[in-house]
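Single-structure report; data block below.
Going by the order they are written in, the chains are A, B, C, D, E and F; count residues from 1 in each one.
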Amino acid sequence: MVITFGEIMMRLATPEYQRFSQAKNFELSFGGGEANVAVSLSNFGIPVEFVSRLPDNDIGNACLMELNRHGVGTQHILRGGKRFGIYFIEKGAVGRASKVVYDRTHSAISEIEKGMVDWDNVFKNASWFHWTGITPAISQNAADICHEAISIASKKGLTVSCDLNYRKKLWNYGKTAQEVMPKLVAGCDIILGNEEDAEKSLGIKPKEVEVETGKIKSDAYLAVSEEIMARFPKAKKVITTLRTSISASHNKWSGVLYDGEILHQAPEYDITHIVDRVGGGDSFMAGLIYGLMTYKDDKEALNFATAASFLKHTIHGDFNLATIEEVEKLMRGDTSGRVSR
Amino acid sequence: MVITFGEIMMRLATPEYQRFSQAKNFELSFGGGEANVAVSLSNFGIPVEFVSRLPDNDIGNACLMELNRHGVGTQHILRGGKRFGIYFIEKGAVGRASKVVYDRTHSAISEIEKGMVDWDNVFKNASWFHWTGITPAISQNAADICHEAISIASKKGLTVSCDLNYRKKLWNYGKTAQEVMPKLVAGCDIILGNEEDAEKSLGIKPKEVEVETGKIKSDAYLAVSEEIMARFPKAKKVITTLRTSISASHNKWSGVLYDGEILHQAPEYDITHIVDRVGGGDSFMAGLIYGLMTYKDDKEALNFATAASFLKHTIHGDFNLATIEEVEKLMRGDTSGRVSR
Amino acid sequence: MVITFGEIMMRLATPEYQRFSQAKNFELSFGGGEANVAVSLSNFGIPVEFVSRLPDNDIGNACLMELNRHGVGTQHILRGGKRFGIYFIEKGAVGRASKVVYDRTHSAISEIEKGMVDWDNVFKNASWFHWTGITPAISQNAADICHEAISIASKKGLTVSCDLNYRKKLWNYGKTAQEVMPKLVAGCDIILGNEEDAEKSLGIKPKEVEVETGKIKSDAYLAVSEEIMARFPKAKKVITTLRTSISASHNKWSGVLYDGEILHQAPEYDITHIVDRVGGGDSFMAGLIYGLMTYKDDKEALNFATAASFLKHTIHGDFNLATIEEVEKLMRGDTSGRVSR
Amino acid sequence: MVITFGEIMMRLATPEYQRFSQAKNFELSFGGGEANVAVSLSNFGIPVEFVSRLPDNDIGNACLMELNRHGVGTQHILRGGKRFGIYFIEKGAVGRASKVVYDRTHSAISEIEKGMVDWDNVFKNASWFHWTGITPAISQNAADICHEAISIASKKGLTVSCDLNYRKKLWNYGKTAQEVMPKLVAGCDIILGNEEDAEKSLGIKPKEVEVETGKIKSDAYLAVSEEIMARFPKAKKVITTLRTSISASHNKWSGVLYDGEILHQAPEYDITHIVDRVGGGDSFMAGLIYGLMTYKDDKEALNFATAASFLKHTIHGDFNLATIEEVEKLMRGDTSGRVSR
Amino acid sequence: MVITFGEIMMRLATPEYQRFSQAKNFELSFGGGEANVAVSLSNFGIPVEFVSRLPDNDIGNACLMELNRHGVGTQHILRGGKRFGIYFIEKGAVGRASKVVYDRTHSAISEIEKGMVDWDNVFKNASWFHWTGITPAISQNAADICHEAISIASKKGLTVSCDLNYRKKLWNYGKTAQEVMPKLVAGCDIILGNEEDAEKSLGIKPKEVEVETGKIKSDAYLAVSEEIMARFPKAKKVITTLRTSISASHNKWSGVLYDGEILHQAPEYDITHIVDRVGGGDSFMAGLIYGLMTYKDDKEALNFATAASFLKHTIHGDFNLATIEEVEKLMRGDTSGRVSR
Amino acid sequence: MVITFGEIMMRLATPEYQRFSQAKNFELSFGGGEANVAVSLSNFGIPVEFVSRLPDNDIGNACLMELNRHGVGTQHILRGGKRFGIYFIEKGAVGRASKVVYDRTHSAISEIEKGMVDWDNVFKNASWFHWTGITPAISQNAADICHEAISIASKKGLTVSCDLNYRKKLWNYGKTAQEVMPKLVAGCDIILGNEEDAEKSLGIKPKEVEVETGKIKSDAYLAVSEEIMARFPKAKKVITTLRTSISASHNKWSGVLYDGEILHQAPEYDITHIVDRVGGGDSFMAGLIYGLMTYKDDKEALNFATAASFLKHTIHGDFNLATIEEVEKLMRGDTSGRVSR
C-alpha cells in the first residue's frame, strides 16, 4: 500500500488551443501532484490511498467519485474547509507557452490543522509514503502536517519519497522553500527533481546547465546528485527528470538516477506532438515507484518511469492512463505507434 | 449615466440538465446582481458604469472584455486582490431544484478597502446609483464601501436604488443582515425585494403569505410596502417581485409597485418552459430603472420591468439580452411567440 | 414521381436557446419549403426530384450530398450563380419568439433565367408538380420560371399543388404578391395555406378570425375556401393549416380540407414541448401529397398530413424525419409517447 | 450489503432530441436494470455489490471504472465472453416516442455458465438479493444462473426482491416468460412490476385498466396483487409502479404497495418536463429497497421510492443521482423547485 | 461500374486524443475496407455499387443514408441479420499507438448465406470487382460468398482486384488465412498488400525488411512481387504500400507497383501531422483503381494512388474525401499546403 | 489614435480538420484584414477606430459587440446595406491546403457610397490611417472611398500605411489591381506585402524567387523594395513578409524591412505545428505599426512584428491575441514554450 498526501485541485482547461479570452467552456478534470501519482500507481495495479482535505460540497463529492473511478482509496480524505483549489489552464503551441492561473488560496488543505489526520492509522499496512514540495509551499499548517507525516512514516519504516517540485508562485506565507524543504527532505529515501528544483528548494545548483536555451547535459547532474546525497544521508536514490523544451509542442524527455555509485541514464524520447505535458513529472514519479517495487534493477525502474511519463505527454489531463503493456512496449524500443488492432 | 457597484463572478454551469457529478465541461459566463443590472441597462441603451474590483490576471481580463462586449463602462473597475469569485450552477427540472455552489470567499471585492474607489469621480455625470443586499453581505469592508457610496450619491442628488437580495449563505463575517441593511436602505429612493427579502433583511414580515406552497397574495404586500415606506422615509417607491414556483421548470411571475398611494399590479406571466431563471430579479430591476427613466407612468415602468424579466427566463446566463422591441411586444399583450421572419 | 422546384438554403442555427449575440457556433443544416417537401416525400417512399440552382462550390456540393442522403433526386439541379442563400435562426421559448434573419439576396436561384430548366425533360415520368409562394417572391426571373413550370406541368396533365407561403420580407423586386400569385395559383389543383396566406397572397380575407390572440375558428375558413375555389376553378381541394400559438414553446395544430363540398376537419394536436417548428407547414404539405396519393379518402389524407406535421415539431431542422409507422400510430389515436423498445 | 445480478450495457444516446439518422455523436454512459438499482443504492449509502460478466477489453474496463465511480462493488464481476451488450437510444418528445435499439445478442452474460459465480462467497455478509425479469430473458444460461442465485439466497435467508420487467424483444431463446418466470418469482419476498408485467410474465391480468389511453385506476391493482400473493406465498409485498403517459414529454407517476392487508397508495407526481425516463422503474426499486431497510413504515418506503423515481425522470442517463435530502424534501410536499443556494 | 463487397461497420471514435476510459462521447461514422474503396471511387466520379448485408433497423438505415450521401449505389445491399458490426477506436499520438476494439462478431454479413446475393444481376454492367482479405476472415459463410463472387466475376470478364488486408484478430472460425486466401487470390488480376500481408495471407515472406524498426527497403519487395505473380498467374499487377511508422503522429508513405517487368516506385510522402490514418490502404486501393481506369500509364496510376492516400491521412474518418484536383496538385509536386482562396 | 478602414466578415470555420462536406457545425467568429489590424493594435494598448459598413440586423449587432469586446472603437461604423460578408474556411493539414470559400458579394461595404463617411470627423485626433488592397478590390465604390480616405489622411498629415494584400478572386468589377492600386499606394508612407503582392498589385516582379517550391531568398526583395520606393516617392519603408510553406502544418516565417538604405532582416521562426495561419499578415502589420510607434529602431519594430505574427499562427481565429509580454519574450530569444505558472 502506497500513501500519498497533498492537494487535489479542480482543473479547468480551455478547449483545444483557445486562449482564456476566447473560452466559452472549460473542460473539467481534477489533478494535483500527489493525486496524480496515486492515480497512476492505481492504474498500474498498486494499492494506494490518497490523503487530503476537501470541502464538504458537491464539488468535493465529484472529486471523490473521480478518485474512486481510478481505484484510488479515499477513506482517509477529510471533509471540511471553505473551498476547493482550482487551476485554470490554456494550452500553448509552438512558441506560445501554456499558461496556468492558480486559484488555490484558502483551499481546504491550506487550512488543515495538526491532529486532523490520524497518521498512525493511515500508515497501517502501508509500505511507502510519497509527498511533494507543493504541499509545504501552500501554508505553514500544510508544511507542519507534512513534516508530521514524514516523521511518523520514517519511524514506522516506510520508504519515503519526495518530488521537490518547486513552484515559485506558491511559497508566499512568509517562508522560503530553502527555509522549509531541507528539514522535510532529510526524512526521504528517494528524492526526485527536475533541473531547477534542487537549486530553488535546496540551494544546490547545477553547473554548466543552460536551461534557457533548452540544452541540457545529463552528466552535469552527477555533481548535484552527489551533493544531495551528501547533505541528506537518508537518501538512497536521487533522480532527475530531463526536459529539453524545443517548443510548447515539441520536447525531448529523459531522466537520470543516481544510486550513490552509478548515474543511470534513461533513453531520451522525442515528444514531437505533445498532447498535454502537465503531470509529466508526476507520471515519472509514479512510474519510478512502480518500477522500484517491481523490477530488481534500478536501471529498469528508471526506464519504466521515463517511458511511462513519455506516454503521459500524449494523454489529456493530469492523470497518466498508460497501461503497463504500453510502457513495456516502449521499453522494448518500439516507438513506432502502429495501430493496435 | 447609471452607476452600479458590486461583485461580478465567474459562472460555471453544467451543460443542459447535468448534475455536478456528471459534468465533464462547464459553460463559462459571468454574472452577479449589480453587473446583471448594468448589462441589461446598457442593452436598453442607457449609459452605465460598473464599479467593482477584479484580480489582475487573465480571468479578470476576460471578464472586462465581456463587460465591454455588452457596452458596460469599466473605467472605474479596480484591479487587485487574490481571487475572482466563482459560482457553480446545475440547472434543475420539474421537482429537482437548481443548485448553486458559491466559491466567492476571499474574492477581490471582499477585500476592497476604504478610499480605493474615488466616488466623487465615479458619480460625476451620473444620475442614478444602484446597489444590492449582496455587497454588504460579503464582508465588513464591502459593507463599508457600500455605505460610503450611498452617502456620497445621496449628497450629490443621485437617485439611489436597492435590491434587498437576501442571501442566507453569505452574511457570515459576524453581522446579520438586519444589523447592517437598515442603515444602508435608509439612503434609498427605490427599494426592490422579493417575498422573503423584507423579512430577512429588514425584519418586516409579510402576513398571510404561504411561501412554501407557492401561493401568494399580491395585496398582502401592500402592508409590507407601507411599513417599509414608514421606516425609510426617503423611499419613494417600494417594489416586490412575485414568483410562484410551480416547479423548477414552470413559474408564474409578476410584480407590484407601491408609490406611497397606489399598489400597482403588473400582469402575471406564465413561464411554462423556463430556460434559465438566474438573474430574473436583476432583469426586473434593470427594466424598472429603464422604465422609470423612460415612461411617465409608474405602472408602465412596472409593466416593462415584469415583461423584461419574463423574457430573461427564456435566455441562458445571468444577462438579460431581450430587446426593447421584444419587451414592448409583450407589454402590448402579444405572448404568442410567433416566429419573427 | 413528384417534382418540386424552389430554393434550398443553408440553415445556420444557434445552439439550444442561444441568442445570436451569444452564439460561438452555428448548427449547419439545409432547408427550404420545396426541398423540405421533397425530403419528406422521399422519406415516405415516394420518388421525388428537386429542381433548383446551386452555386458550383463546396457549399453547393455539401447540399447536394445532403439531398442524396435523403434519397431526393438531384439530376435536374443546375449549378451556377454567385451565392448560396442562407438563413440564420435562433430558437425562441415561451414569450420570446424565434427569430429568422434571411441572407438570400442574389442567391443562385434568384438569378435563374428562362430556358435554363428543360421542363419537358424534368416532367418526363412525373405525375405531380409542387411549388410554393416563396419562389415567385424571390425575383422576377424566379417568378417567370415558376410560371413556365406550372404551365408546362398543367399541359402535361400533372397534378399541380401550391403552398401559398406568404413571406412579407421577400417580395421586394417591385411587385406585390397579389400582383403575381393569382396568375400562378390559377394553374393549381391543390392549394394550401395558413391563416394569413390567402389574404396576403390572393386578397381573400378570412372573417372573424382573431389571429393575434391565437384563437381561431376553423369553420370561418369555409368561406375563404369557397371563395378560393370560385376564383380558381382548376382547384379541386383547398387546405388550411391551423396553428394556435399559445407560446413559442406550445402550439396547437390542426388543419381543414375543403373538397368543394365538405370541409373536413383534422384532430387538433397539442404540441406542448416544441422542439422545432420551422418546416411545419412543409411537412403538412408532404403528408398531404403522400396521403392523397396513398389513401382513398381525403379525410385520411388530411389526418396523415396533420399527424405527420405534428411529429415534425418534435424534430430538429427543416426536414421531417418521421416514419409512416409513427404517423399512422398517431392517426390511430396513440399519442402516449411510450418508449418503443 | 445488497447484491444485484444482471447485465450492464453500454448506452449510446443521440444528443438532445436527434433522431438516429441525424446523429454524428453518441453520448456514452452505462446502464441496465440491476446495475441501475446498485448505483442508486450506493448513492443512498447502502453497501452494494453488482455481479455480472464483462468482456476483458477496454470497454469492459471503462464500465468497471464507472461502477467504481459510483461506489458499487465490482469484486465479483467476471471477465470474459466476446462482447459487451449495447443499447442505442433516441429521446422522443411530445407525440414522438423514444426509441431503443438493442444490440445485446451474444453478450458476455448471455454466455455465462453454471459454476462461474461462487454464490456462497458472493452472499457472505449480504442481507438482500435483487434480480429482474430481464436476466432470465437473455438466455437459458442466464436464466439458470438466476435460478441458482435465488435458491442459494433464499436458503441463506437473504431477502429476495424482483422487478418483473417484461421485455417483449428479449425472450427469444425458445421459452416464454410465463414458462420461466413463475419458478423464479416463487423464491421472492418482494415483487415489483408495472401495469403490464404481471400479465406478460405471470399470466395474471389486471382488469378494467385501460392502458392504451393512459388512464389507470390504482385500485384495480388490488386484485392483481392479491392474486400474486396467492400464487407466490413467499411474497410479503407486491408493488406496482403506475405511469400515465400523457406524452413522451409529460407523464404522471405513482405507485401502490400491497402488504397482504392494505394497498398503500403513493402521491401522484406530475412530471411535466421529462429529462430522461429510462431507468425510472429501477430507481423506484432502489428507493423501495432503501426505504424498506430504513423506514419502519411500508407507506413511507413506498413514498420514498415514488419520490426518488420522480427525481430520476429529471436526470440524464440510466442512473438516479438524486440525494436522500432531495427525495425527502419531495416527501415533505415541497415540489416547488426553488433554487437551492 | 465498380462493385465492391464486404462489411461496413459503425465506427465509434473517442474525441481528439481521448482514451477509452476518458470518453463521454463517441464520434459516429461508418467504415470498412470495401465500403471505403467504394466511397472513394464515387468521390472520384466512378459509378460504384457496394454489396453487403445490414440489419433491418435504424442503424442499418442510417448507414444506407450515409452511403447514399457519398453517391455509392446501395441497391444490392441485403437487409437482415441480427447486428451491425462495430469498431471502437481511440487515436494515438507520438509513442502511444491508436487502439481498435472490434465488436463485429455475429454481424449480419458474417451470417450471410449462399444464394442470398444474385451475383449475375450484381455484375450486370460492371467492369470491375473488388474485395479484401477481411471478408473471408469473418466467417466460413462470408468466405464462401466471396469465392462465389470472384468466380462469377472472373467468368464474366470483370477485372478482379484484391487487398490482402491481413487482420490477425479475425480468422477465428477455424481456418487460417493461408488455408483460405490463396484459392481466392488465384482469381485476381490486381493484388495489393502492405509489408506484412503477403507473408501472413499467402506465406510469401519479404526478405531483409526490418518492420519493427520502421526502416523499409522498397526494392526488397521486388522478390515478393515476383513470387506472387509466379504463384498466381492470373495476376497482372502486384502493388505494395510502404508505410514507415516513425510514430503514431508521423509516418512516411509510399508504394511500389510491379507489372511483371518493372517495379515502379512512387514518391515518398512525409506525413508529419497525421489526422487519421485508418483507411489509408483503402484510399490507396481506390486511387489505384481510379488511376488504372483513367491514366494510360501504370506509373501515373501508382502516383495517383499514393498521393490520394497521403491526403487521406489528413482527413477524419475512414472515407477519403480528397478531390481529384487536390490529388493531381500533389502529383505535380506541390505539397506546400498554401491556402486555397 | 489609429484608423483602419475595410470590411469585416463573418468567419464560419469547420471544426478541427473537418472538410466542408463533413461539417455539422461551424465555429463562428469575425475577421477581415483591416479589422484584424485594429483588434491587434487595441490588444497592444493602442487606441483604434475601425471604419466600416454593417447591415442593421442581429448579425451586424453581434459583430459590433465582438469589436467592442476587443476594445476597438466602433463609433464611425455605418449601418445599412443588405448583407454581411461571409467567408467559410476548412483547415488543411500537411499536404492538404486550407480552403476558403468567399460569400462577400453585395456586402454592405461593397455598396458604400461617397459622402457616407465623414472622413474629416473620423481623422480628428488620429495620427495613423491603415488600409489594405482588399478594399479597392471589392467594388468601384469601395475603391473610390478608399482613395478619398487616403487623400484626406495625407492632407491632414497622418501616417498612411497599406498592406497590398492581393486577392485574385476579388477584382471582378471590371478593373484590375494594377489599374487601381498604384494611384492609392502613391499616398502611402508604409507599404507592406508578401512575395506575390508587389507583382500582382503593382507589376513589380521579384526576381529569382521560386515561390512554388517554397524556397525564398530574402535578399532578392531588396531590388523589389528599391523599385517600389522609386515609383512611390512618398513611401518611407517597404516591408515584405516571408513565408516558406513546407506544408499546411509547418511554415517558416520571417520578414524584411527596407528603409531606403538598409534591408533589415528579422529572425526566421519555425512554425512546426500551425494552429491557424489566417490573419498572419495582418498580425504582422499590427505588430509593425505598434513597433514603429513604440520603438526607436526600425529593426526592433520589424522584430516585434515578426514575433507577434509568429504567435498569431498558434491562435484560433483571425485575431491575434498575443500579449506584448509574450511577443517580447520571443524577441529575447526564448522560444522554448515552457509552461508559464
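Here, a residue touches a chain if its C-beta (ideal position, glycine included) is under 8 Å from a C-beta of that chain, and two chains touch if they have at least 3 such contacts.
Since we're looking at a predicted model, the values are computed, not measured.
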Touching chain D and also chain E, the following chains: A, C
Partner chains that chain C and chain D have in common: B, E
Interface with more contacting C-beta pairs, comparing C-E to A-B: A-B
Chain located farthest away, centre of chain D as origin (C-alpha): F
Homomeric contact chain E-chain F: same or different residue positions, threshold half: different
Rounded Å distance between chain B and chain D, as computed from the means of their C-alpha atoms: 44
Whole-Å gap separating chain A and chain C, where each centre is the average of the chain's CA atoms: 62
In chain F, residues with contacts to at least two other chains: 16, 21, 24, 65, 99, 273
Contact graph of the chains (line, ring, star, complete, other): other
Chains grouped in pairs wherever the two touch, ordered by label: A-B, A-D, A-E, A-F, B-C, B-D, B-F, C-D, C-E, C-F, D-E, E-F
Chain B residues touching chain F - in the complex, by the definition given at the top: 65-66, 68-71
Chain A partner contacts - residues on chain E that touch it in the complex: 16-19, 21-22, 92-100, 102, 167, 169, 212-214, 245-250, 273, 277-278
Complex contacts: residues of chain C adjacent to chain F: 12, 20-21, 23-29, 57-59, 61-62, 65, 82-84, 86, 88, 90, 99, 101, 103, 105-106
Of chain D, residues touching chain B in the complex: 16, 269, 271-275, 307, 310-311, 313-317, 321-322, 326, 330, 334-341
